[in-house]
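This is the structure I want to talk about, given as structure tokens.
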Amino acid sequence: MSDFEPKLVCFSCNFGWGYLTGGNGLNSQIKNWIPVACSGKIDTTHILDAFKAGADGVLILGCPEGDCHFQDGNFEAKKRVYLLHKLLEDYGIEKDRLKIELSVDPEGKRITQVVKEMGESIGKLGPVKKI
Amino acid sequence: MAKQITINPITRLEGHGKIEIFLDDDGNVDDAYWQVVELRGFERFCIGRPAEEMPRITPNICGVCPTPHNMASTKALDDLYSVEPTPAAKLVRQLHYNAFIIEDHYIHFYFLSAPDFVVGPDAPPAERNILGVISKVGLDIGKQVIDIRKRNREIIKLIGSKPPHPEGGLPGGVPRGITEEEREWIKATADDTVEFAQFTLKLFKDVVLANKKYLDLVLSDAYNLKTYYMGLVDENNKVNLYEGKLRVIDPNGNEYALFDPRDYIDYIGEWVEPWTYVRLTYLRKLGWSGLIEGEGTSIYRVAPLARLNVSDGMATPLAQKEYEEMYNTLGGKPAHHTLAFHWARLIEALQCAEDLQRIANDPLLTSKDLRNMNLKLKQVGVGCVEAARGTLIHHYETDDRGIITKANLIVATQHNAAPICLSVKKAAMGFVKGPEVEEGLLNMVEMAFRAYDPCLACATHCLPGHMPLTVNLRDRSSGEVIRTLERS
Amino acid sequence: MWKTESIGSARVEDAVKQFLPPCQIRCPINEDIQRTNVLISLLPDDPDSAKEGIIQIGDYLYEKNPFFTVCGYICGLCENDCNYTTKGGAIKRRLLKRFLSDTFTPYLVQKKPLDVKKDKGKVAVIGAGPGGLMAAYELSKRGYTVTVFDSSNKLGGAARYIPKYRLPEQVMDAVVDNLVRIAGIDVKLGVKVGEGGLDLQQLRDDGYKAFFVATGTPYARPLTFGTAEVEGQELDGVMYGLTLLWEVNQGNIPADYYKGKKVIVIGGGNVAFDVARTARRLGGDVTIVCLEIMDKASKDAIPADEEELVGAREEGLTIITSRGVRGITKVDGKLKLDCPLCTSVFDERGFNPQIECADCIDLEGDVILPTIGQMTDRDFLQNEALLNEVGRLQADPLTLQSKVEDVFVGGDVRRIGFLADAMGEGVEAAESIDRYLSGIDLKRGRVKECEPYDAPYRRAYRDEPKHKWVPADRRINFDMFEEGFTLEEAIEEGRRCITCGPCISCKACVSVGIQDDLPVVEVNEDLCSGCRMCVYVCNYEAAQVKEVDGKIVSWTDDLKCKSCGMCVAACPSGARQLVGDKTEGRIKEIYAAL
Amino acid sequence: MADKPKVAICWLGSCGGCDEAVVDINEAILDVAGATDIVLWPVAMDFKYHHIEAMEDGEIVLSIINGHVRNSEHEEVAKMLRKKSQLVLAFGACACFGGTPGMANFRTKEDIFNWVYRDAPTVVNPKSNYPQPKSQVSGKELTLPEFYEQVYALNQIIDVDYYLPGCPPPPDLIVNAVTAVLEGKLPPKGSTLAPNKALCDTCPRNKTKPDKIAIKEFKRIHEVEADPDTCFLAQGIICLGPAIRTGCGEACMNINLPCRGCFGPVEGVADSGAKFLSSLASIIDAESEEEVQRAIETVADAAGYAYRFSAPISTLIKKRV
């Protein structure tokens, strides 16, 4: 387990995260980073596909509660994540492997940290158990 | 040099089954095993499912006898939620259930049994099928069989959606009722079915009982197996396939037990052998006796003959007459004659047809009061019905939200698994002498388990309909096939 | 820091018939309000790095509205129609622009002049008010050589009457001075067209091809009672409020001018309140008399804004309603007002006060400041033959063309309105003059019907920020009494905007590169089963269902659709796709590389 | 007989319901039987593996295969039929998606064995016998097919040409499918021989559905007396109609029960369960996080609803390696 390097897929909403960085800087720092126009457009299929493709965790970063540029997209994402938690358990995938955080970080100061922390917590879980 | 005969495939309750016959060095039958070679683990993946979904899931256990699973499951929910179905709902369920038993029994008789008797056990297999039957008794009967099946399946469709996978059934009721205009054609169907049931019994008696050769066969020792018997009876100990208490009689016909199906665990044990995927049931309190009959056995049989053996009579007048006639002919109760299962089956079908008539004429049938919503979850529920092939038990346990945490299912053919092994062995010993087995004799072996209609019925219910059979004679040491003998 | 683009795909599209956010429809110069609100919400929270962005936003606004910094202090028309008004208070657009002004005003002096060849001929603009200057600016942008004439010695016209505690002088100066510099407008101040032999014909002879007359309403309207002028308006101590405002802004009135004096302002409009509160700031003990009543719901409601009423009360002014003025007399040095009861101000015929002379009160004061409205310079209009037979200034409401074909009129001289209304007419006049001089039909394709959008659905709406005023006891001076937004507050308020408008008229996201372009939702009717999942999830009522030969299928109203993709995520049968969205591709790449 | 197209109808891990369904086409069965040479139909006639083995590759025109693959015997039969057949039609939910027994994939083989042969209340197994592929009984060797770790849909084991879903497929679609083959009027390989749209398209209740469906809490079928004419989702009852291919003839709607998905994904969708959950989340009507959690609590069995018939093809059940 020690040499286990967790694969984390990170979706982030452009309106809340890193829009001042032009992406360039962060792209190199964050692996498997997928900026999207709104966290509300992230489909359950995208998330499940990530796990199928071999991700050990999926992190969704949305705008702060009530601050969605598209009104409630971040809340939509939350609903989807919580429902998926129920499903993932049936597949024996710990719900901690799918996280959503609603906050704002235009200069991309915190995003790397958030990703790092999630990576660590998944590191503790180890790779996804196959059923 | 010992030989091994493989009859494969023969059955499917949870999948295929096969028979292995071992010949000793003199070529006499040394041993025979009936193996069930598949498992799907319903009991396990039902865990986590909401209980109310079970009547929609469990019919997938068997697409040929799905209704009993649907019904046992629905009744388990009644018990789980300690609720009684409304009178109308109960009628609708029984309507569904009778319609199913009728079409199932007749398909079995005409497509599977009749060829043996009407055409003859040792007739060429090409003739020994429904077409052969038709050529003997006339085409319109073939049409009638199809018609009766079709119309009774229409009733199932009305209540249970897809006949091979009925989904209706809720705790305390049914999701859909019957309308007055539907009642009309249901009535007509019921009347025709009763007529057809009587005709069929007459046909059976004319061709079988009137024929000494066949009667001897029925009464012969090769087809005789002394075991316990189990089945549901109503408060008057009359045959009841939908509800009641489980009654067990010993090989001599004395009541061994009479219990509420909820207590099945105290009476029924399931024995595991490494050579089959099916669990062999036996009377738990007696302990596992192994595959033996008569004195000291703990094996019991279920299905039509068993049900008649454990009861004091039929619940409907016409069927009661037939009941008496059968036992007079077989020389009293209990009847251990395996082939008498066919006869008992027809008598049961008549009772179901009469009951269908009663329900079709009941004013309550079309009531809109279909759900008793007074549900009180008690987290354990057992449902028991008599499936065409014998006692069927669904036992669920749930959490406080009604989500399944435990499921135990005892499927009809399981009860008969051990007896089938014995019957097959006995028949084999009776008819197979040496490797030079004749096809007709193999069919005699086959008849032994076909009588039980083991859910291979699932397999053989149907058109041209004769049993596939291949016998491999193998050198025991090398396992290599010396000779293949097959029927075609 | 992002760089906002306004060219290519980032350029807002303009449809003849389209939906717009109500704010933008209300704005006479059709400012891209939503777009710039969004851009403000995307500013960095650190003031220094925000500066760059603010100037980009300012430059963008300047193209359409060089007065936006001034609007930021005095114009809130758009807020009246903001969808948020009923949901927790209109977006404070005025304060957002004022916030931009804080950075943009000092920057104006460095702003480069327009780079246009002035080869389209000479146009004269009479009147250097907001209307005139807007026309001049628009025409200069289009390559005309424009000369602006104004009788006064300052640019700005009516805007120059606005008290400094509402509009700082340097903001106004910066706008007008730089406007003429940047647009290369030739200015002739202190020149009154129509006097000293200088008339339009003279200008024609000097080579001016067209004229925009925006002479506004230079004269105060005298007090009348019934049809007659009220006696005593010539008395010493009686001065038109308008005059006071002008003189104060010119710096000709010393502080404490009214110290210990009892001042009575006559009138209930915003200008009257400017006058009253100015007088208060000059030390006077001020009373306002007006015909109307306080009840804003009534047909006779006092015209001044609620904020003015509140402000005035806070500052200790007395307001006497439902009183007319029948006469002014002087009794041993004190001025006396004779004020009968007014029982009704407006009726179906409009302004038609009913007076109950039996019920009458006297008011006494040292100073009387009648402020009941302004008047145009009728002689000039008369001489230039711009009046029709009934003596009304005649101009086509759409083209602003007057009876005289090369003369166009707009602004207060045509119809008294708000500063922005005059600016709007300046823009329209410029368009007409350009068409006139290019020989293009003046009317074709100019009528724009725009439907306002409703507020999109969201779970929770947020309340407007409380306005911040300097407490009354500390604001009796000519400094701004209202505080502007801090950067943080501005970003917050920008975020509060629910962006009702369609994407094509905004494209803020595209302009800063958050999206490459606007993806379009397409519905495959061969797959859509009409399950309606999309309808509920869409916050913009863009996803709807229709019936096609008996079957229900969904479709998307492109003008309402924001391409957020929520309906796509909600569609269970893959019937909805975001065409032109690169996300899917990106996802596939990343997953393939996992 | 000889020149008639050879057709095989065979089951793998199946309940027999699909064969019942074939019989249920009643009169039409005779036409089919007349127009074809049915070389294999265990349910109906002689089952001769080695006869099939003896055939030329591709000699069989069409193999109609129902049931899932769970053991070595299933796999052998499937592969043999593929080799001998020009066309393979995956028949019924089990063959197409794994079917109900596919839910076993949420469990391990070990877990199933332990319950069935050790822990079930009625089991008596002092010798702790477990069924074995090979076992010796008094010197005689008995064999059983090997039970695989998981359930597979047919196309996870062999190449499949066409799909006919349903549990079981309805008579009209069966007749259409067979006729299409006999008349050579087949759609492109890989097609599903059923309508492309979701059930809502043909559901009589779709018209009663409000334009905006929003659900505060989900009702289970036993908790409410469902109105027989109103859209189930509009009544707060989970129904897979929006995500599941139509063609079943609304069998369950007709008996007033919501759809559970036996027709599988609609055209172009790989994992109907995932798609369904995505839209289900969207129509949760909640103001606060707490309300969301509460609403989701009332989704009694996410996996069981989403994958009642299709767990083996669900995104997260890995394909065979």
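Per-chain numbering from 1; labels A, B, C and D assigned in written order.
Here is the rule we use: a residue touches a chain if its C-beta (ideal position, glycine included) is under 8 Å from a C-beta of that chain, and two chains touch if they have at least 3 such contacts.
Fair warning: this is a prediction, and the values are worked out from it, not measured in the lab.
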{"item": "Busiest interface, counted in C-beta pairs", "value": "B-D"}
{"item": "Chain whose average C-alpha position is farthest from subunit B's own", "value": "C"}
{"item": "Mean-CA-position distance for subunit D and subunit B (Å)", "value": "25"}
{"item": "Inter-centroid spacing, subunit C versus subunit A (mean Cα positions, whole Å)", "value": "45"}
{"item": "Distance between chain centroids, defined by C-alpha means - subunit A, subunit B (Å)", "value": "55"}
{"item": "Subunit C and subunit D: spacing of chain centres that average the CA atoms, whole Å", "value": "67"}
{"item": "Of all residues in subunit B, the ones touching two or more other chains", "value": "48"}
{"item": "Where subunit D touches two or more other chains, by residue", "value": "105-106, 275, 278, 282, 303"}
{"item": "Residues of subunit A whose C-beta touches two or more other chains", "value": "43-44, 49, 75-76, 80, 90"}
{"item": "Chain contact topology (line, ring, star, complete or other)", "value": "other"}
{"item": "Every chain pair in contact, whichever chains are involved", "value": "A-C, A-D, B-D, C-D"}
{"item": "Complex contact set, residues of subunit A against subunit D", "value": "43-45, 48-49, 51-52, 75-76, 78-80, 82-84, 86-87, 90-91, 93, 130-131"}
{"item": "Complex contact set, residues of subunit A against subunit C", "value": "7, 9, 14-15, 19-20, 22, 32-34, 36-38, 40-44, 46, 49-50, 53-55, 66-73, 75-76, 80, 106-107"}
{"item": "Footprint of subunit A on subunit C - complex, ascending", "value": "1-2, 38, 42, 44-45, 49, 456-460, 462, 495, 498-499, 509, 512-515, 537, 539, 562-566, 568-569, 578, 581, 583, 586-587, 590-594"}
{"item": "Subunit D - residues contacting subunit B, complex", "value": "11, 13-21, 23-24, 26, 29, 33, 41-48, 50, 70-71, 73, 99-101, 103-107, 111-112, 115-117, 120-125, 127, 129-132, 135, 137-138, 140-142, 144-145, 147, 167-168, 170, 220-222, 225-226, 228, 248, 251-252, 254-257, 260, 262, 300-301, 303-304, 308"}
{"item": "Residue ranges of subunit D in contact with subunit A within the complex", "value": "105-106, 108, 271, 274-275, 277-278, 280-282, 284, 286, 289, 292-293, 296, 299, 302-303, 306, 315-318"}
